[in-house]
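Let me give you the structure first, and then I'll get to my questions.
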């Protein structure tokens, strides 16, 4: 899984039937410290995450292993809202102190 | 999923039997703002998209999770025509104002 | 799917039993205009393509969705011989005028 | 599979139900000689590895082929703790002499 | 599939139960002409290949389509020992004349 920041939303009225009713979020993959990495992706959310939140993305066929995405043409799903990331004994991300992207 | 612009078509008379009758579109992956990213790909369309349109691509095994592509040797499928992309509270793409690629 | 040019063959007498009898082709991924892109790959052919031909490759689990490759350890399959590629209203590749790689 | 060093932990109270009870580890992919390669990932552990350890990661759908991860939205799993890596006849990594990252 | 040279071995006593008894080989992906390409990977061998040999790797879910790897957390498998690679009508690799890596 990789870290991402939710940075926006995507609206589509003409989409594959299995995607109807699924919210499409614009997500920016980031390093654990929050720095952007590569181009934004579009993900389906399985945990009720909101814009600005720091989350974990699962990709490929594993993105279809949630109740929200099973059997759907989705290759990128948000599976966790991150509370803390600890690296080498110190917190490099803490949701309680996070104000980025809001 | 990633954004792409439909930029052309591919014709093949000698193709795997399961691909017969499927339209092959040339798609250019792009950033949400429309800038090209990497080389063009060939995708099957599941939503009736046309040349010039701004769409979402799903890749890998998830590309086979549409009625159009199930059980076929397809690893890239168009699953949505994008109406709007909103990033940080402002629209970075609006189909109504889009004239690129036409 | 991505475009490729068939540039050679690979011979192996000691291979996984499921690969016995399958021709292994050396393929060079290319841009629609024919420019090489990345390193050559080895693909199994499902359409009777020959050296020099301009083809479409499918990769990953979708490479196993042909009669030739089902249930085999193959992650790259040739699924179409390209006749024409049209981009922005003009032909960027035409098999009838193609003499590259021959 | 690729080599990685376990460099931290990720805590999430709001995650997909199938991830509840699974420890999420921050892992840094590395070369066999230990040099970092690319951005850190988040993996689920199937072998009881601890921070600082040198491990093997399996990715994609194969990451779900362990008792710990079957049927879950996980695309990166730790499947082995490395004892030794021998390259060209000499040991380039030995757990017994390893003190990095601790 | 991609070409690789077997360059070493990996030993792990603490590994996922399904990996017990499987030899883990260190493989260096290479171009058809033998030049290294990217970082070494760890693969399971399905054809009895030995150190120094020039082989074909299959990756992703297709790596599990051999008798040796079915249902296991393996994403990279050696499926063929290469005898010859012919490109543009001439041999760019011949096992009989190969002494690299030994």
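When the chains are written out, they are named A, B, C, D and E in that same order, and each has its own residue count from 1.
Note that contacts are C-beta pairs under 8 Å (C-beta built on N, C-alpha and C of every residue); 3 or more make two chains touch, one makes a residue touch a chain.
Everything numeric here is computed off the predicted structure, so don't read it as measured data.
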Rounded Å distance, subunit B centre to subunit D centre (Cα mean): 34
Intercentroid distance (Cα basis), subunit B paired with subunit A, Å: 21
Sequence positions of subunit E contacting 2 or more other chains: 60-61, 63
Pairwise touch network: line, ring, star, complete, or other: ring
Ring path (origin subunit A; first step to subunit B): A, B, C, E, D
Contacting residues of subunit B [partner subunit C, same complex]: 7-19, 24, 26, 39-43, 60-61, 63-64, 71-76, 101
Residues of subunit D touching subunit E in the complex: 1-3, 31-32, 37, 46-49, 56, 58-63, 65-67, 77, 79-88, 92
